[in-house]
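To start, the structure itself, in structure tokens.
A, B, C and D are the chain letters, set down in written order, and residue numbers restart from 1 in every chain.
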Amino acid sequence: MVVVLEKNITANQTLNIVKHLEEYGFRVHKTVGVQQTILAAIGVKPEFDTRKIKILDGVAEVYRITEPFKLASRQAKEDNTIIKIKNVTIGGDEIVVMAGPCAVESEDQINKIAELVSKNGAKILRGGAFKPRSSPYAFQGLGEEGLKLLKQAAEKYGLLVITEVMEIGQIELIGEYTDIYQVGARNMQNYSLLKELSKVNKPVFLKRGLSATIEEMLMSAEYILSNTNKDVILCERGIRTFETYTRNTFDLSSIPVVHKKSHLPIFADPSHATGMRDKVIPMARAAVAAGADGLMIEVHHDPDAALSDGPQALFPDQFSEMMRQIKLIAEAIGRKI
Amino acid sequence: MVVVLEKNITANQTLNIVKHLEEYGFRVHKTVGVQQTILAAIGVKPEFDTRKIKILDGVAEVYRITEPFKLASRQAKEDNTIIKIKNVTIGGDEIVVMAGPCAVESEDQINKIAELVSKNGAKILRGGAFKPRSSPYAFQGLGEEGLKLLKQAAEKYGLLVITEVMEIGQIELIGEYTDIYQVGARNMQNYSLLKELSKVNKPVFLKRGLSATIEEMLMSAEYILSNTNKDVILCERGIRTFETYTRNTFDLSSIPVVHKKSHLPIFADPSHATGMRDKVIPMARAAVAAGADGLMIEVHHDPDAALSDGPQALFPDQFSEMMRQIKLIAEAIGRKI
Amino acid sequence: MVVVLEKNITANQTLNIVKHLEEYGFRVHKTVGVQQTILAAIGVKPEFDTRKIKILDGVAEVYRITEPFKLASRQAKEDNTIIKIKNVTIGGDEIVVMAGPCAVESEDQINKIAELVSKNGAKILRGGAFKPRSSPYAFQGLGEEGLKLLKQAAEKYGLLVITEVMEIGQIELIGEYTDIYQVGARNMQNYSLLKELSKVNKPVFLKRGLSATIEEMLMSAEYILSNTNKDVILCERGIRTFETYTRNTFDLSSIPVVHKKSHLPIFADPSHATGMRDKVIPMARAAVAAGADGLMIEVHHDPDAALSDGPQALFPDQFSEMMRQIKLIAEAIGRKI
Amino acid sequence: MVVVLEKNITANQTLNIVKHLEEYGFRVHKTVGVQQTILAAIGVKPEFDTRKIKILDGVAEVYRITEPFKLASRQAKEDNTIIKIKNVTIGGDEIVVMAGPCAVESEDQINKIAELVSKNGAKILRGGAFKPRSSPYAFQGLGEEGLKLLKQAAEKYGLLVITEVMEIGQIELIGEYTDIYQVGARNMQNYSLLKELSKVNKPVFLKRGLSATIEEMLMSAEYILSNTNKDVILCERGIRTFETYTRNTFDLSSIPVVHKKSHLPIFADPSHATGMRDKVIPMARAAVAAGADGLMIEVHHDPDAALSDGPQALFPDQFSEMMRQIKLIAEAIGRKI
């Protein structure tokens, strides 16, 4: 931690600051500059609340020097985390596509979609059985019945399964059906849930919260990594800004940033980021071009009839076209799908 | 719902839009303007996803005309919701102060703070026993032991209790000790938790999420109101913006907005909004002046030694001074503390 | 400047960083911590672009230790800047109210409004003659004729004048009529304009840009102070956020922050911050309670007929009521109007 | 304009609203819904301030139905605007790259950079002669001398010139040297400047403001188009959000949005959007993949020695590599460079 002192600090104020630092367990090293003095507080305390020092008289600014996340950090593990689930490898050269409907609606629906997902080269079937909806009056998902239909369809077409878990009580049940647990954006800081998921033996797909910084996303990954689970896949899905012409602002810069700061793979979800299917193809291309390790895409055999999020689901033809285009982009940057 | 058509729409596109609206169960009423035509889609479907129409060719814009919340709306209930808990009335003329430490740390700590809270005219004792922390390595609260100490201290000094619930599994336990359930900002859209709280018979104190719009806060209140629970207290605690000199941006305009849109009382939490104790007093005054029905304040008998959030806790003398000042402000606007 | 090195930095990378720092003119002082080393770069170079170091291999983070503004800083000048213009004192105990219409529209209009502004205890008459409008098709102001009418009305009712300057070419003309130059939010970083205003001998009222941090507002003040002009009045008028129920988000926390960081007075403009007159009175009260040194308020004798911004202009009765209420708040916090 | 009335509106309130609408020149058409009534206000008044109606008692919501921009709108002009300057065509199939240093620093510097820009297939040389700097103490550019050097270098290597204009007084001078006027992000709403540029006969490159919505960017384009100038090139360069790991948030979704809403070409500037050169290549690729009509890139033969913005300038080798990669991406999506 670095403590910058005010120019006109008194000797007593400096003494008081040093005393506080020492009581909190730091060794203090002083550097006198031309106009200002700085104190280097030596000692590793990632959880230390720097405001405890910032609030003291005579302190101009305080900087934490260690990032608050450790296990998620590239400094802790230089090589990329590669996650292998059955025949699918996430985090390597291959760009992996997860696709499917917002929600599982019926056996017929999920089978039709699984077929088209598989036929076009995607490897993982997505679909919600428990849905977090902002209105208590909206469709809330089929529950366990949905999980069963999802797993059957995935097996029939040789796909893996990813589905969302919303609460601790669902972890065991969902674990019987899914290959990957999805944590939605609104639960990115549901620490109780994250702690429980740190103990499961399946990968967790962690979506960035609407207003979460990249650092906070990595801190939430840290929660999951802090126990036995070592497999976290991050996902950029748009952040909240002042712009109203799009549903969210798709922060694609987070992809190279995460690749620098962390060894974890990062996906992108252009369906939720833009909220409208006519924006999904260009933004899927952009995500791949920016270096995303995979995509999560909503697709429906009949989007007009979808029970939720139909407007952001691609039509089957659009999905095929998107897959065709991103394969070309992947090749252009030396990757494959 | 109002559908604005594009200027150069074709007859077939218009027919297709009307057909979709009718299939979704709306009656359609057309108004031809000078340059553009609008379709009024008649029928009450608050959960309808307007993007289903927006995505159709020829549609320029779609506006929902009913607010998505109903039970939380001033239109549904004209009179202010007044919540009486023992001898405390929330939502009336009186401005109610909830105060206490971030977390319950020990019997001695909570008793000392309860005494000073009570002595200065606050009515409700706050204190966390289960703490949502952004780092898995930080102090996570005393759990049930904390709840016991909190309740004992509150009873000793004639105070009510408010404490945070983080997950469904804690609801019953916490219910034995608290008068009001607090839902933290990060859980504002934890719909599983909100649904369970809609069935309890104690008021819920719902903090605005960091990136939640006022409308979303009211939708989360709607979740809680959608069952038997009728007592929700909202709380403004700052939103996330680009500004970095303050921890959050305290959106005090939300207070008159909520009072216009809803019958529910709204409090303000200047401690979390600003994150630094030297900003708490002016912002507490501002919140009362803006019309807040109450305040939630962090105070500690020894903030330097606090296990969490010490820098935003007031010193005892500051708390007394704040109470003195906000009493004057309350009188100036015809209210009392 | 403080440079934090990466944990696994090589000796050569460290040498390269030190070499760069020395070439840029800094002396370097190294502190070896438990896990990481930091370099203190000694030398005062407020304009140094810290990214030059941040981009080097082996650098984890770089912190500037001096604030980029100097003349605007409380460290440079401990006492509050008090600005006296004729019989009005800004920045002292008295809270000064500037009020008037968005735009000067006619002699009758500005006289009627000047009378009511004066009668209710405001000291300064505002009114635009040159209007920055987001649409090229909207009313653009009366120009010099507006300036004349404004000055005549102000003199008749014993008020000072404040009006907006939009471009360098207007400075001289406006100077003949106004007591204070107003720089609008959209011009807060129009550096060409600020530089010219650094040479005039009248105070400048600088409104915070929609997306300007407090630091950037103080940097813009620095531009104006960097020459002979020493009189800058800052103004909080709301920032752009994701919230849509209000026009802007009124960041009242900026008031105590500016008072701590700078010696310059800061006003608040609840009319532009909220954009709707029914929010103006509570937010005016809140601004005074938060410690604002003054208010800028839009008022019109007939808001329905106003040529611009009528919806945020108070009716005469509302203005009287607001003045009455903020006098009580001012007294409650030991100030006066 | 559509006016939604409150559920419990009185007959008198409705009459008053209709009266106001008619006085403002609208014809009114009423539609009675199940719970609420809406009024369609017929008449084209793009500059009408909808808050005039929103403020009336009994009004729940008001929606403008026409976009505020006209000449910039795709509805006004269906075909893409193609801008031809000498041998360069902007807005067609070809993706055009503008590249060069942040600022012109010397003859040697600009010549070296022009050579490398040209050699790698970029068509337009950028370089600032008048620099808007947030600190009054930072390098402000070489002025006219810089313009001369820029033009000479461009001619020598067969490039067009783009350079920034900051104030009205510079328009004529800069016009002697540049092929395209650049308006910087901070001047996007400097309406005085935009109005003057509406009369020049050279294209204007308009950068999106830090906190400007896409609609506001199009409104600023409208200002320039409102006179004789028909050639505006838009540029996405990142918006301000809460994220701090990147300088700005590069809103690439704006590219497909602008292509839908407007006929104007849109470029992207990954150098300013990310602020760090190691993010520029992936984000340049992403911009091209998203459909940008061109790129603006900062490159320097010796970034370490650059007088401004060195950290975001590519090294010569990186620039070559970027050009190579984006050519592949362009081909993948059926365009060329």
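Convention: a contact is a pair of C-beta atoms (placed from the backbone, for glycine too) under 8 Å apart; a residue touches a chain by one contact, two chains touch by 3 or more.
Since we're looking at a predicted model, the values are computed, not measured.
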item	value
Contacts common to subunit B and subunit C (chain labels)	A, D
Pair exhibiting more inter-chain C-beta contacts, A-C or C-D	C-D
Centroid distance [mean C-alpha coordinates] between subunit C and subunit A, Å	38
Distance from the mean Cα position of subunit D to that of subunit A, given in whole angstrom	30
Whole-Å gap between the CA centroids of subunit C and subunit D	26
Residue numbers of subunit A (touch at least two other chains)	211, 240-242, 244, 278
Residue ranges of subunit B touching subunit C (in the complex, touch as defined)	211, 213-215, 239, 241-246, 249-257, 260-261, 273-274, 278-279, 282-283, 285-291, 325, 328-329, 331-333
Complex interface listing, subunit A residues touching subunit C	2, 4, 6-8, 29, 31, 33-36, 38, 40, 42-44, 60-61, 63, 65-67, 75, 78, 240-242, 244
Sites on subunit B touched by subunit A in the complex	20, 46-47, 49, 51-52, 54-55, 68, 132-139, 166-169, 186-187, 189-193, 195, 198, 209-211, 216, 219, 222-223, 226, 240, 275-278, 304, 308-312
